[in-house]
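Below you'll find a set of structures to go through.
First subunit A sits with subunit B, and in the next complex the same chain sits with subunit C.
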Partner chain A sequence: MDVVVLESLDPLIEELRSAGYTVVGPTVQDRAVRMAEISSAADLPAGVGDVQDPGSYRLTSGADGMLFGYAASPDSAKRFTQPPRQTLVRMRDGAFEEVDEGAPRVALLGVRACDLAAIAVQDRVFAGSRHPDPAYRRRREALFLIAVNCAVPGGTCFCVSMGTGPKATAGFDLAVTELDAPHRFLVETGSERGGEIVARVPHRRAASEDVHAADEVSRMAAVRMGRQVDTDGIQHWLPAAHDSPRWTDVASRCLSCTNCTMVCPTCFCSTVEDVTDLTGQVTERSERWDSCFTLDFSEVSGTHARGSGLARYRQWLTHKFATWYDQFGTSGCVGCGRCITWCPTGIDVTEELACIR
Partner chain B sequence: MTSTDRNDRPRLAVWKFASCDGCQLTLLDCEDELLPLASTLDIAYFLEASSAVGPGPYDLSLVEGSITTPQDAEHIRHVRRVSRRLVTIGACATAGGIQALRDFADVREFASVVYARPEYIATLERSTPISAHVPVDFELRGCPIDKRQLIEVITAFLAGRRPVVPGHSVCVECKIRGNICVLVAHGTPCLGPVTQAGCGALCPAFNRGCYGCFGPTETPNTPALNTKLRRLGVSDPDLVRVYRTFNATEEPFRQASEEAEGDA
Partner chain C sequence: MHPMTPAPFLVRSRRPVRADTVNLTLEPVEGACPPFLPGQFTMIYARGVGEIPISISGRTRAGGYLQTIRAVGAVSRALCRTRRGDLVGVRGPYGTAWDVPAASGMDVVVAAGGLGLAALRPVVQELVRHRARYGRISLIVGTRAPMTLLYPRELDRWARAGVDVQVTVDHPDHEWKGPIGLVTKLIERIVFEPRRTAGFVCGPEVMMRAAAGELVRRGVAASRITLSLERNMKCGVGRCGHCQLGPLLLCLDGPVVSYERAARLMAVPEL
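Up next is the complex of A and B:
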């Protein structure tokens, strides 16, 4: 039982909830598609579409009744794999206390192929090194991933260029393709636990028409990418462009606000903060999201290694697209386009790369 | 808590200059932390809370308000002399406050319009931050200051460590809190990308743009933000107003408003 068809997502959501998962999926909040807890398919954004451009995001009305007719939401899976804040260790009266922030059992519904690729990147960073992060591993194991194959890529999407989408091929428990006329969901199983869940919900075996229709959704999505990047030889030409005049140009538009790195599903940088309480008896060390765009991030012995906006932008783009290969063996970019959409001034990495080249 | 004799506790003083008292109230608003605070520190001088005045010198002075009169300018020297550590609290003490709007106009003209006998008004031409007059050990931003940051500064002082008060933008706090970006998703003008964090991204959490209460970030790029705000339809006179609030004379905000004024 590898590929099946569901008439509705409700039994699946119900089954996941009774299996002890908090189901988190796309919802409409504050005029955006946000990942939040859902209790039924009625919470999903029916008939909602989006328009994403550099520095701009607007919801629109999408295809009638379709639940996934929009591109990447501002929320990636990062919030669940790498929480924005976590306490690492606590010291009370001079003694260390272990802090276990727990690993909530979350079923993430609506993860896109680019997000799966991003999770794979984070897996290499946090769990694939010689010093794996046990808390990360626990959170990952507790995460049940239900991918949704993109039907309507956004104006800032370029997963095809990065080889990460639009069809989810690995790294999911279940992968859903939403089909219309009649409305139904083709579901592929990617893991044993995914198969167990699907086996417990009403389904029928997929017919060849269903499979063809789903293939057509992904094929159409692939030709509707909003953007593209020529990554040929990027590992070499991008670091070599250290003195490109384009860096000055982009730095004049860059706010160093960190939005690109915060929304990036692979940007993993954090800082460590130590705080005491008023009595001085309790000390906590915690980790929180940080960014290579903050000045403190490159502070060494009271001086800043990357004091200018130019140096910070160059560092980020070069690392993301080129030196990431040297460090982790892949690109750091998965082509989700979030950094383009959510940059307040609309800096477009694909345009910058084309100009730098 | 060790059995510290009352007299061994570090002595705290809270001073007020030209200000609205809101930052001092933030200290009184510490609620859960107020009792531990009062047992850790000897609150020796805090007229907003008690008329009982303990003599100096003080280990930690929190200074609210800006310097706007010749007497203020004298008095702050006294405060510095009797304080081992001096921390300014709030936009007035740190940047001159809303009353620094006088810097963009003629204060004598104001006085002549407002007061029947303007010659009785002894006021300075400009409203200046404490650091323009005496050395300051730490400046806590905000209009008003944030309660958690105040506690952090005090606990850091007690532990003899650097306070965790980052200089990055409000955007970091928005993303940590899970706010939607109102600038990108709603087209709402927002100073968050050029404003220092500290408030916990309060206004964007309620779908409002940031008003810049905490002053400029460590590396503000206001020309780039102004390009965006203009694209959203913000007029030059409105841009001037956006930057001329509680931190109007902080250099990056001053430049941003003057640039918009030049175009207006």
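Up next is the complex of A and C:
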């Protein structure tokens, strides 16, 4: 793998734009880091840090001039791999037309190691399935992924426990480690098209000091990890603990608000809706994100398979950490901590798992 | 093609079979119906309303699907209201199947509760088609009332073909002379050799647990009993997440599941 050093990200962003990509990266909006289109490195959140705790997210001032001094933002790559709403089929004049919403060429800058792992999980669900989704494959191919290795993990992160981070090891086109004194970016190439882009921007070969400095960033991030989970045997002990008293306890705190499933980068559940236009001539069927926390999710024969909040929380947590293995051969959790940060009542999956065990 | 894109099918015939249930036969606008195995289902789409899983109850002489639909909600009601010549969407067939040939050389107990007979019809047809391969064949049908019995003429035909057909009703009318009450009551009475018996069960979950439980009590191996489980299904192809039952995605790993596997899962309330 080629390793180079860039003094600035601007030529890279410029090169991606001229290659036809919309570059999407972290920006500050509504007092949070959100993924949005950027036109230069000046749009990135310089000197911004964050404090994340159960049920709490605050931006703070971070290290001077650093562009990636914060952890996972409420936006993950899911919005780009699985759009929140996509039209599947249009019907008119007695014919079903498959709708191709296209695959926008997007370069995602600032994808964290946990998010790369989450994309790999979604690949198994949508592309590796017995009924593969060609539109998903096209969207994935059109996504150019520029990972950023985390320097400052969030207070709710536990990627080390899940074996997904903090350093990006696979699944990216380029992986960046931001270094200071002097400010520079170590860039690893993970794909042929990544290499072609880097070859066209001013760079120098990485010296061993650069590589060591980057290794140190990832080592320190791992050491400073906010949380941890003991995943040993979890596929077996968690489903077996279906009658643990802890479920009643956590259910008394869970509002079934669906926040955790919306921010989770791997949660893929969806439902399908029909909309007919005012003339009654054209009907569109679209798929949109759904959540196992809603009551009608499990509606069957006039009742609900999971009528209680307890059953819904248990379904979600057990699916994420255990039954996902049965269905997709991998954990459904990548340890990004988003569900902990964005739970309005501060429910912490790592704490719940420790109590259930 | 995208797995969520339905193929256009035409309603070839529509026959009401009881107050809230119709038999539809569906044929593709183009080409032939894909082959199906007993127990598999299709996702049928009513334009502008929605799409639901419906078992394939048989193949028509012209090669179409026979599907029996009970009107319970928006989509099933819309499908029951379709008329001959109407366009519907069909995806599938999907899901696991009942392995009927695996019961060769054995006694067979088929237990159907209510609409469960719609899913089991291809099983019984297969058994009757190769009657000589099997030992005693018992078909036990539980239904609400004599009037709500599905496929009454076929039940007679199957009886003549060597199937011990027994019907029990919850609410008898004054003409009813047969058994009253639960399907399990009949399982207690029928004759089979438990050590070499296969069970095929479909109906409401309580009925299936009772029927499969009774077969096990009489000595049938749980691994030789297969059930068809029902869950909400929005896709049928493993992408919507709605059909989960613990580790299973019932649209892929089911709906037909061995009782050995299902018993533990069904025993957990609200799984």
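Here, the second predicted complex is superposed on the first by the 356 of 357 C-alpha atoms of A that agree within 3 Å, B and C clash if a C-alpha of one lies under 4 Å from a C-alpha of the other, contacts with A are read in each partner's own complex, and residues count from 1 in each chain.
FYI, a contact is a pair of C-beta atoms (placed from the backbone, for glycine too) under 8 Å apart; a residue touches a chain by one contact, two chains touch by 3 or more.
None of the values given here were measured: they were computed from a predicted structure.
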Inset, instruction - Check whether A:Arg357 is in contact with subunit B, with subunit C, with both or with neither, and answer first, second, both or neither. - result: neither
Inset, instruction - Answer with first, second, both or neither: which of subunit B and subunit C does A:Ser298 touch in the superposed model? - result: second
Inset, instruction - Return first, second, both or neither, reflecting whether A:Cys254 touches subunit B, subunit C, both chains, or no partner chain. - result: first
Inset, instruction - In the overlay, answer first, second, both or neither for which of subunit B and subunit C A:Thr276 touches. - result: both
Inset, instruction - Pick one for A:Asp326: touches subunit B only (first), subunit C only (second), both, or neither. - result: second
Legend entry - Touched partner set for A:Arg137, first subunit B, second subunit C, both or neither: neither
Inset, instruction - Pick out the shared contact residues on subunit A: the ones touching subunit B in one complex and subunit C in the other. - result: 274, 276, 290
Legend entry - In the complex with subunit C, residue positions of subunit A that touch it: 88-89, 91, 94-96, 98, 125-126, 129-135, 239, 242-243, 268-272, 274, 276, 283, 285, 287, 290, 292, 297-302, 305-308, 310-311, 315, 318-319, 323, 326-327
Legend entry - Residues of subunit B that touch subunit A when the two form their complex: 1, 33, 36-37, 40, 151-152, 154-156, 158-159, 161, 164, 166-169, 171-172, 175-176, 178, 180-181, 183-187, 190, 192-194, 207, 217-219, 221, 223-225, 227-228
Legend entry - subunit A to subunit B touching residues, read off their complex: 29-32, 34, 55-58, 74-75, 79, 84-85, 252-259, 262-263, 273-281, 288-291, 294-296, 309, 341-346
Legend entry - Residues of subunit C defined as touching subunit A within the complex: 1-8, 45, 47-51, 72-73, 87, 89, 204, 230-232, 234-235, 237-242, 244-249, 252, 268-271
